[in-house]
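First chain A sits with chain B, and in the next complex the same chain sits with chain C.
For the complex of A and B:
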């Protein structure tokens, strides 16, 4: 007699899908569905403070690009912050990696100290920075007094300087990650190459250029893209340190989307801003994937 | 010449990493009257644990006002406990979901694995703000605001893609021979995983769990929107609300330093781990 329900063979494919099922469900519920919902929201004029919610098509997007001067302002601020923050973070990561790769007494301790900012929350970084840069009790404003440059503490965070300070803070938070990643890459460069270069009479700078940097080209591209993605979406640092100010000087696209939604309660408009962000981040993500997998650097 | 450069470099690395921490620590050891000295004091003149004790819920005698000051009116201890509970739940659930998923993606090439990998990377690149808005509205609807399980679910949304990505990378370099040997000896796929793969991969799984713990502990944006001003409030939003309302910034400095203990301990563990690099992808180690 034939079995009414023949036991199906468990193929690798089916087994993999069973293992993946919880993740797939979670991704759908917690990432894809919210994204779809956010897109729908961006097509409405939902505003909780005025109690309205109506479908209006792409009007939010149209207003953003053609009517709202803050859009272009925020885009420019985002661009400036991203450029400064990611380039500074990459330059310092490389510097730190080269220093920490040298052999010297106490290197373990120095490495332990250098890694600390990596583990700190972005909000804690913003908090620490508020102490450091405060006018009355900040270290930097008082340094002006100690160095005899001023009689009273100086306001360090101004509408000109704020964006640069934010870039510096971003770098403080992310440099350990980049530095330790590059450090790991430095350790797989064969020592023979250095010895050979030395025998050939290459100077330290020449050795750096000819031996070290070619090995680091791909890792540097990776962290540059990584820092670009993270600085584009950085919100907590700005909320915690400047709150978009002074004035609107540090109002990036992310901060603006946050403020529109959670301070002005314009959910629809906030969602539309955030979709511009998603597009930028996705483009960078694709670029990242491409560099990581396809490009032979 | 080279030696001098190196020394300058080392001094720079140390100062760069230490100064921001030192400055908050300095202020956290001062009584209130000293904080506003002009110019600011580089060291506390009367170092004291007054701020720490008051933050942790004790009444402390202040010799300068000759008064016993009450504990600070912010639930810092409770917030630290809340953070601990949420982060523990997040890391346990994440590991339970991400370990099998990471294993499947790293070990088997199925028809859909390319799509899933792209989805994972996409989720990781997603700006937190853009899923915060819809998830907040969903949270309102399902009464997830102001609850410990609510913020746990939100952190899962952020941590799952990240942790799966790490473990996928780990399992794709994990030698499959031992597992094959177990299969030849008659173990089923599941038995091979439970008895052979998981014990061998345990250090990596624990590390991934610790990373999710740290991520959840450090997360601010969702924690603020979901828990601030409620009994479920975690430590990051507590620091934020203190900043807005408290006059005594020396107490706030002590609370900030207290919040850094957990990250410092975890970073001591990872210092060794990062150098022995298993994590090829720096994507895996970045935090919001």
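For the complex of A and C:
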């Protein structure tokens, strides 16, 4: 007897879609809808404190670029922070990965300690930094006095130094992530290659160049991309540590968008700044894609 | 080029004794093969000779120079690894040129020497390729070229042929031998493949559990293995061991080894060493020394005994026949033309009784 033709079969694709459905809905609700809404907001003059909300087209964007001096300032601060923070984080990640890859006594303990900063929430890092860098009772200020470099407590966080200290804190927070990512790569490099290089007479630096680095090119590019994106959108650290100050020294675009939106309640203008940020992030993404492809990584 | 001498070399990793009190002299210009099963310490020994590992104790000499603590780059040696260890981002040319570049040779000189070895190994067409664009056999040649180009005083090779297919391996083997004889560079070659060891080595060292059990030329190792471990490891299929006892025939005034129907005359000197009449001893008989004959075509010449066919394994021109004698299984190699089937009654003959060797039952050592 012929089998009845199965009418509704749960194909692999259908099953996959069913499994993905909750995620798709969540993505839509949590990402796409807010994005669309914020784009709509950026086209209005919504100001909660003044209770106005009117469609004004691209006026916000126009004002931002051509009228608002803070825009260019914040853009510059953002670029400086991103550049410094991501490069520093990558450089330190590489250094730590190379050190942790060596075999020495107590390596396991050191590895455990090294990953700790990653366990700190960024806000905790910021709060900790506030104490360490405080003028009257901070560790660094006291150190100055203790070492006789100054008679009175000093302000360590100045409008010149603040951005560098922020970059350092960012690096401190993210280096474990980068270092362990690179470390995982280092461990897959065949030992034979190092032995071969030693027999060929290559010095330690030469071995780093011909054996280690070729294996790290791609992962370094990946963490550089990751850190760039992370640092572009970094707000928690700035809110918790400097609040954009002293003055406006550490007011990045991201922080500014946050301040405009949630402190000045200018939702419309804040949204426009955010969309500028998205443009920057996209431009960076395209640039990276292009460079990575070019380097055949 | 150089004579390599290892004196009481021991290497301990944590609780593992990888190399155990190893003494060895590899002669100048010799092709020496270190043979042993996986994990017996061959690579560790080679790495110690290369300077990649420091021995826990013992000394390594190149001629009369103590090189035990000399770093590898100062030993003027070349090594070929099982993985070939080609630098992945460099072309074949750059890989081969690398050791010369490190030595700061002039560009033209480097070029000349790379071209020379490339020609010698027929890899001119590969020079622009990167490792991932080459087959296993091609990589092996490039790795070999990189070793040769330096004109070192010693070649160390760690299973360099184990990653290429069987057919190519045979050609590569012949070529490697030819090359070594031509260059005359002392070579230490590590393998677990006895065919490789027997076809390539001037002499072979058999390693087991970190110990060097025997050093000798291929024939010596095959015919007079120092103990049952070497005897059992060397030879395909492995040697047959049978445990029998010594009997004295008063009428003829001779000693015999007796087991079942097998009766073999044993020299007086051997008997003396075993301890005389009634003592147990192990006889070692190579499968090649046993001939299986169909019962009907058997005529009583020489030493033979009745047996039953247990299994037949055909290996092309030869077959390995396992026969059953009173529950004891022995292997014999016969030409494949002889068609036998399991449970068939056969007669097994010892082709050359002189080649049967005896081992001490307690120590496993060869009795000579």
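Going forward, the second predicted complex is superposed on the first by the 275 of 297 C-alpha atoms of A that agree within 3 Å, B and C clash if a C-alpha of one lies under 4 Å from a C-alpha of the other, contacts with A are read in each partner's own complex, and residues count from 1 in each chain.
By definition in this document, contacts are C-beta pairs under 8 Å (C-beta built on N, C-alpha and C of every residue); 3 or more make two chains touch, one makes a residue touch a chain.
Everything numeric in this text was worked out from a predicted model, so none of it was measured.
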| item | value |
| --- | --- |
| Combined model on chain A where chain B meets chain C, clash or fit | fit |
| First, second, both or neither for A:163, with chain B first and chain C second | neither |
| Larger contact residue set on chain A - chain B or chain C | B |
| Which superposed partner A:43 touches (first chain B, second chain C, both, neither) | neither |
| First, second, both or neither for A:210, with chain B first and chain C second | second |
| Partner chain(s) touched by A:258 [first = chain B, second = chain C, both, neither] | first |
| Touched partner set for A:195, first chain B, second chain C, both or neither | second |
| Chain B versus chain C - smallest C-alpha distance in the overlay, whole Å | 15 |
| Overlap of chain C and chain B interfaces on chain A (superposed complexes) | none |
| Complex contacts: residues of chain C adjacent to chain A | 47, 50, 52, 71-73, 77-79, 81-83, 85, 87-90, 98-99, 102-103, 146, 150 |
| Of all residues in chain A, those that touch chain C in their complex | 190, 192-193, 195-202, 206, 210-211, 214-215 |
| Of all residues in chain A, those that touch chain B in their complex | 10, 12-13, 15-17, 19-20, 22-24, 26-27, 30-32, 34-35, 37-38, 41, 95-96, 98-100, 102, 104, 110-125, 127-132, 136-139, 141-142, 145-146, 152-153, 172, 174, 176-178, 180-181, 183-184, 204, 222-223, 226, 229-230, 232-233, 235-236, 239-240, 254, 257-258, 261-262, 267, 270-271, 274-275, 277-278, 281-282, 284-285, 288-289, 292 |
| Chain B residues within the chain A interface of the complex | 2, 6, 9-10, 12-14, 16-21, 23-24, 27, 35-36, 38-40, 42, 96-98, 100-101, 103-105, 107-108, 110-113, 116, 118-138, 153, 156-157, 160-161, 164, 189, 214, 217-221, 225, 236, 239-240, 243, 249, 252-253, 256, 259-260, 263-264, 266-268, 270-271, 274-275, 277, 281-283, 285-288 |
